[in-house]
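Chain nomenclature is as follows: A, B, C and D, assigned in order of appearance, with residue numbering initiated at 1 for each chain independently.
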Amino acid sequence: MIEDISVRFLDNFKDQKLVSPVMIEGLPGIGQVGKLVAEYMIHMLHATKIAEIHSIYFPPHVIIEENGVARLVRNELYLHHTDARDFVFLVGDYQSTSNEGHYILTDQYLDIAAELGVRRIYTLGGFGVGHFVEEPRVLGALNRPELREEIEAAGVVFQRDEPSGGIVGAAGLILGLGAMRGIDAICLMGETSGYLVDPRSATSVLTVLSNLLNVPVDPTQLNDRAAEMERMIEGLIEGERLQSDEELSYIG
Amino acid sequence: MIEDISVRFLDNFKDQKLVSPVMIEGLPGIGQVGKLVAEYMIHMLHATKIAEIHSIYFPPHVIIEENGVARLVRNELYLHHTDARDFVFLVGDYQSTSNEGHYILTDQYLDIAAELGVRRIYTLGGFGVGHFVEEPRVLGALNRPELREEIEAAGVVFQRDEPSGGIVGAAGLILGLGAMRGIDAICLMGETSGYLVDPRSATSVLTVLSNLLNVPVDPTQLNDRAAEMERMIEGLIEGERLQSDEELSYIG
Amino acid sequence: MIEDISVRFLDNFKDQKLVSPVMIEGLPGIGQVGKLVAEYMIHMLHATKIAEIHSIYFPPHVIIEENGVARLVRNELYLHHTDARDFVFLVGDYQSTSNEGHYILTDQYLDIAAELGVRRIYTLGGFGVGHFVEEPRVLGALNRPELREEIEAAGVVFQRDEPSGGIVGAAGLILGLGAMRGIDAICLMGETSGYLVDPRSATSVLTVLSNLLNVPVDPTQLNDRAAEMERMIEGLIEGERLQSDEELSYIG
Amino acid sequence: MIEDISVRFLDNFKDQKLVSPVMIEGLPGIGQVGKLVAEYMIHMLHATKIAEIHSIYFPPHVIIEENGVARLVRNELYLHHTDARDFVFLVGDYQSTSNEGHYILTDQYLDIAAELGVRRIYTLGGFGVGHFVEEPRVLGALNRPELREEIEAAGVVFQRDEPSGGIVGAAGLILGLGAMRGIDAICLMGETSGYLVDPRSATSVLTVLSNLLNVPVDPTQLNDRAAEMERMIEGLIEGERLQSDEELSYIG
């Protein structure tokens, strides 16, 4: 009988002792902001994959990778080790396809966190505002009021009732369910239109997060990607303007 | 493994003995009528929160409260103590997202009622009529025919086959499943358009309910809110009339 | 914990021994044909209710009956006793709201049938043809080829691959799952438009079924209801024709 | 209590020992390509049915077969025996109706494969390209990179990230879940428009597969069916062109 969720730690991780580990969740969501930040950090810090998570609550398909090899959609854990502290990243292809699955998966993520000795989790996401934002702010949410001062000092903005629709999925449930287990959790949300993948918003979140974690990460490549996307979008807008001018010249 | 439903009684409630308790359910529904009434009573009577209910059948998100603190969506129990009788209010953010969840949650609500010694439950809701109602009546439904005389005497109207679509969710299932456990249950439904949150309808239900419970509750603030909403709606209609006059004056 | 399905036999039925019982299923479906036939037979034969079935797979609401009493939506069993044979009717408000629920409920119906000693089940339904049918035929399906001769002799028509979409819900699954338990099952489907409740189609099915069961049932009231509906529909068509003539007279 | 999935081996199969069996999955999917290939091979090779699989995750209905006999929708296993090797075909009416069901059913298929001693599975499907394809290529995916050389040599094309949407359902999950059990699995996908049942695409897949299996299968009948469909489609297009010409002649 297939397990609802299976967590498989890789051999390289067996019996490893972590030092004051902090978890960073960056699963898919609005503007893919959280995913961009967490995967960028994994890339830049050369973090090591330590586990794979599969679940019947994920969409029922496989992804084709290089060499034509198919693999189940999944979530993954990566580890970045420093002398001061260990960092565990939770990333992946998808979140749950069902409402109940969101709760059950998040509970499993918290089981893993507890098992690894994690006492604090950062969850990352986007905050959809419906229009393009030049200098995206980073909004925050907490699961214990005492955390606010520290987070606010790092430049994170708190607005009552924002996001008004709440925080959906793992980025939110980790705060809610984490509080019940005594695990601190902070959600960092970059402002974003909500229409496109948003590396600009991700850069804002990255800056704040690397300060909070005291882990310097060079944002140049993410910045470049943001600049490239902005050029592309400007090109599209310019193209539309030109076309619209042309159309007017037929009339005038 | 996460529980499907978790009920956590707060420390202030431990081992408290209730006197002939009556339960009042006011979860979200048509016109938010039940929610308005129950939350207004909790507010006016300074009832004390005694329990929180979480469930994987609720939507998978958190709500941001003051100080940026996120909490799981939930249902809550509040207690209002009088010398004659205790009153337990069941309120909350959401009902179940799935059909099966409605049954399972309601069964849990009845477990709680039974455990607290509740012998009668009032469930509150709206009765959608599709048009604005100036003086909303309160319609009733019961789970034992012998209850009718008392409820009718309080001004509640009974119409066969109304609501024709039945009563959906906890307000209805508490009657149906309650009957099987020998718990009396009465549903009070305020007439409402079904399009907007309706404090006017809530006032009607409040008047009837506070009579039935013999708990006086000053309806002034709810009345004020209803009056304010009506002014706002009139303003919108007047605005449309003016605009329509203006448009006509262009033509004339 | 609430049961997924609960079957409660009424006190009047306790320890009753049935004689060669046959079951007749008439749950809601296309044109409500099966429901009309089974409920009409229950009414005309003064069959006695012997059980109620509730389930979390039914829609989560209650129905308001006379006196304002609300009851859970449910399925019911009725018993008609004759010296030669007992007849058990399975009727109700709804079928399952989920795919899986259809299988689980039908399995339960067959558990009941087996427990009561039922060796044959008739399932009743409509066969949607997309247009009005003056003299609806009765189509059949079986779960054992040896049954065909007897059923065909009663005037039932067999057409390969019809209905082409298969038979959905309990009327079909009772045949499929019944075969695995060695219970004979025959589905009788009255041709019907598929757009309206169809007492004319029900009359056709009733005639065939009462022959097969050797239980005479006077079809007059069902015929009357069909005639009434036909007059009503003709009235609507006539009304439209008149209106259309009038509109033309404006033009002419 | 009904099982979520039931696998029933037929009596003819009891205690049969298989020789190095290979499994071929051809369940319904895009263009019905996999289903066409597997069912055609079963037909041409006179393979014998050895098992039936039923499940509450399949749609809740029965299918009418000849003689008016209804049967549950199902999946089936067929066996083709050769001296060198045994071939087990997995075919059927439907795949799961729910996301979770896809995982649970595939896990069951792999249980069966393991039990029969299967070490390699071919899964068959269509690869939707959105336009008609005259000479459909066969794309591949694997669950172990070492398999690629052999499959590529048989004319199968590998394109990174194709299909970009991944492979949905059993054809994909058998690769993903199979890898975890050490069962080799190869997916062969015929290019197809995605709009119609596509015997032309099936012919391409059949040619590749029968080479890989070293089982010659005469493709004539499948080719004929493809040619017939193509004539029919051309007829439709011609018909539309004629009609469009006629309409123009009214104007001219």
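Simple rule for what comes next: contacts are C-beta pairs under 8 Å (C-beta built on N, C-alpha and C of every residue); 3 or more make two chains touch, one makes a residue touch a chain.
Owing to the predicted nature of the structure, the values given are computational and were not obtained by experimental measurement.
**Q** Which chains does chain A share as contact partners with chain B?
**A** Per touch definition, common to chain A and chain B: zero chains.
**Q** Count of steps on the shortest touching-chain route from chain A to chain C?
**A** Tracing touching chains, the least step count from chain A to chain C comes to 2.
**Q** Have a look at where chain B meets chain C and say same if over half of the interface residue numbers show up on both copies, different if under half do.
**A** Different residues, largely: of all residue numbers at this interface, under half are found in both copies.
**Q** Which angle of rotation, from 0 to 180°, maps the CA atoms of chain A onto the equivalent atoms of chain D, to the nearest 5?
**A** So the copies are related by a turn of 90 degrees.
**Q** Measuring centre to centre with CA averages, how many angstrom lie between chain C and chain D?
**A** 38
**Q** For chain B versus chain D, what separation do you get between their C-alpha means, in angstrom?
**A** A distance of 53 Å separates the two centres.
**Q** Among the residues of chain A, which ones contact at least 2 other chains?
**A** none
**Q** Between which chains is there touch?
**A** A-B, A-D, B-C, C-D
**Q** Where on chain D does chain C make contact in their complex?
**A** Residues 1-2, 56-57, 59-73, 97-98 of chain D touch chain C in their complex.
**Q** Any idea which chain B residues touch chain C in the complex?
**A** Interface residues on chain B, with respect to chain C: 96, 99-100, 102-104, 106-107, 140-145, 148, 158-163, 165-169, 172-173, 175-177, 179, 187.
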